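Chain naming follows the written order as A, B and C, and within any one chain the residues start at number 1.
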Amino acid sequence: MNAQARQGWLLVAPATLLFVGIVATPLAMTLLLSFNGWSSTQGIVPTLTVQNYAEILSDSFFAEIFLRTLRIALWVTLICVLIGAPEAYILRRMREPWRSSFILVVIGPLLVSVVARTLGWALLLGGNGLIPLALHRLGLTSSPVSLMFTETGVVIALVHVLVPFMVLSVWASLARMDPATERAAQSLGASQITIFLRIVLPQAMPGILSGGIIVFSLAASAFATPAIIGGRRLKVASTLAYDEFLNTLNWPLGAAIAVLLLVGIVAIVVGWNRFIERRYSQVFAS
Amino acid sequence: MPYLALENIRKAYGPAVAVDRLDLGVEKGEFISLLGPSGCGKTTTLQMIAGFVEPTQGAIALDGIDLSRLAPEKRGLGIVFQSYALFPHMTVAANVAFGLEMRRVGKAEIRQRVEQALAMVGLADKGGRYPRQMSGGQQQRVALARALVIRPAILLLDEPLSNLDAKQREEMQLELRQIQRQSGTTTVLVTHDQQEALALSDRIVVMNQGRVEQIGSPFDVYERPGSAFVATFLGRTNTFSAEPTPRGLAVAGHVMMPGERPATISIRPEKVDFTTDGDGLPGRVLTRVFQGNHWLLHVETPGGLCLVIRPNDGRPLPGEGETVVLAFRARDASLSLAGSTP
Amino acid sequence: MRNGPLALVFHAAFVVFLLAPMVLVCLVAFTPEGFLSIPTTRFSLRWFERIAQYPDFIAAFRTSLFVATAASLIAVLFAVPAALAIARYRFTGREALNAFFMAPLMIPHLVLGIAFLRFYSLLGISGTMAGLIIGHVVVVFPFAMRMVLAAATGMDKRIEDAATALGADRITTYRRIVIPLIIPGMASGFALAFIQSFDEVTMTVFIASATTTTLPVRMFTYIQDSIDPLICAVSALLILFTVLAMLVIDRFYGLQRLFIGEDKS
């Protein structure tokens, strides 16, 4: 080992040890826990068994919850792309000082506690909330229908929580774009829509895809928002694991649910990343 | 023994050789330039003198003392970096004072020497500013003052003028030359700009692919290039392949100069003239471009395209499309024999 | 290029969507009524006064401040040497280590919470302040690391060489040149880490105890029982606190820089 490498390793050693000690070890223990048995009288039984996984994979109750989690995450991602990408483009075309102020408006909610933001949606979506009343007034529903404890409600609130990530990600992509390309297309006779679809969108694509990854993985593992809006009645994978841990006290089963959630998210994210790299490495290299 | 001596230096990064078989002696007070295209090993050489890069093989000695055992901070060299590398969080005066502080120079002396150094580079009243408040040219002067204030054994300049615009560069060249002469500091300049090397140096070391191609005074290197690489890298040059005939070397059947073996003739564009009598290479003027103090002509000949530079001295010149005959003096041309690698 | 009218309508709708829930919470907090309603005739501070009768919220707020400060400080202290090594030394495993340090971003906080709950119960430190802080250090470390790393990478390596050439030894170079130059990165790393820690709910729900509850967790458990104007008043105060912090950060550093990096457009 040369002097450079030795000094380098010396400097990263504290953080590495910290991480091995308090990230890698607990995660390994959780994985181990998910293979332990459990009984309501003895609690955790230190045996090695795949019983928890077998139970989750065979029971349609669990399958429904995992499918719901996936469905919610996909809807949230899709809606975030559809409203977040155009908003980023609109922000980019704004002039100062409008642009800076509205970027603050977009980033600001990220700093506000998720609990406080979700509380706002609970007020809006509840039976006496503004949205059910508005839907009723517009004649879309015969009486005000509460959106609390529904998938629609969870999706709306999660979009609100996560859409800033999409805007920021697309914004970062657009910032790398040479604005002259738009003017070049215009000088060649392209309409505004053609410019957006043929010039801007392809250049924003890496931002949309990486923003999609962030939004999807956060939506699939979100806890506070589905717990408040979905409540006990509409469970997703994370609230299910929470119940197993803090209410049923079946830790091994809860751990298995968490491990499956993690594996599922990592598999989708890694696959997605591969796709992006293969698709865009030539165009956006260096 | 020279003041700074590099003996048989080699630097390899794995299989890639950056510098090979480099021998160089620099005399005290001399201004020497390492000139070559990017990747020729000139910057690596400078880094080895400074101590930031360790030679794979070979010895570097300064005033008879082996430098290889001396840490970079003990070498006492002044360096001006291409990016200037000014400390952005310190004022100009603090930047210049830094090296003196490291040498534990007294406060009063530091103040006096910093003032002197800033006056020398024409920034006497700018000591309280921060680097980002200054123009590129001013930053470059600060970097120079910071390097010179420690009275370095050698001043190392790494492409110091490459970030300046053409006018600033010309001014800075004159000033650099003057300051170096005044202080008498032995200076090594790394540059890819031939004009800069020609203007500033006592001697030029032309490097290519890790090797020294030629060492000599600017005039020598330009007028008598030691290899085809030097001839083409320094200034512009025309090359013709020539065949021997009973009357001498001929280009496309036209005898141009004496010689018995097939060869490549290199001739600078400013050494080619139009002739109205005797032998020469016939051709037709393709373009004629006015460049202020001179004219640039492209002439199509049976031996290939020839570039001709003529001073704007009032003499009439052929216009575009006219036929001409080109000639040059044998002593202005350099020959490299065909078959031998340059 | 300018935005057309359609784009501006879309933009207005987007901004309303983003702000509506927070504005609504703040409005309801001022209701004079005893139930959830938007004040129509007059604003009342009665629900804010009621907060004083719930010392849990105040204690939880103090815990949050303490945990966020401690965790962010520790994270920055660990991040500085690691970031310097990754930015400026070439050694095998460098890339892998960087990915390793960023890993907590990829691991759902739910999984981290469960992992710490299990780990601490085996070590017998469940529900302690130390456990809470360690958990938060892990969650915020990538944010601290990212900012310090950006500062360390952005630094011209030649600046250090210049100090060395002028005769400064390693320690002097660090003390006088390197550390002063990455202090802005350390400050922004601390700010970002603090915000993340202060807002963290999901992991904290698992490892906080009755005596070490943070504000978001206390609010979360309260909401699970009932939603009333009191919790709106607490949220409104939290939103106000966040907006103030945001304006301060924006003034001194720029939120855009904190979240997007240098604006190149």
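To be clear about the criterion, a contact is a pair of C-beta atoms (placed from the backbone, for glycine too) under 8 Å apart; a residue touches a chain by one contact, two chains touch by 3 or more.
Computed from a prediction, not measured in an experiment: that's the story for all the values here.
Contacts between chains trace an open chain of neighbours here, each touching only the next in line. On a Cα centroid basis, the chain most remote from chain B in this structure is A. In whole angstrom, the spacing between the mean C-alpha positions of chain B and chain C is 54.
With centres defined as mean CA coordinates, chain B is found 57 Å away from chain A. Each chain gets one centre point, the mean of its Cα atoms, and the points for chain A and chain C are 17 Å apart.
Chain B meets chain C in the complex at residues 50, 52, 72-79, 81-83, 85-89, 98-99, 102-103, 146-147, 150.
Interface residues of chain A facing chain C in the complex, by the touch rule stated above, are 4-5, 7-12, 14-16, 18-19, 22-23, 25-27, 29-30, 33, 83, 86-87, 90-94, 100, 102-124, 126, 128, 130, 160, 163-164, 168, 171-172, 174-176, 179, 182, 192, 217, 220-224, 227-228, 238, 241-242, 245-246, 251, 254-255, 258-259, 261-262, 265-266, 269. Taken in their complex, chain C has these residues touching chain A: 1-4, 7-8, 10-11, 14-15, 17-25, 28, 36, 78-79, 81-82, 84-86, 89-92, 94, 97, 100-101, 103-104, 106-112, 114-119, 122, 134, 137-138, 141, 145, 195, 198-199, 201-202, 205-206, 215-216, 219-220, 223-224, 227, 231-232, 235, 238-239, 242-243, 245-246, 250, 255-256, 259-261, 263-265. Within the complex formed with chain B, the chain C residues making contact are 156, 158-159, 161-169, 172, 176-177, 180-181.
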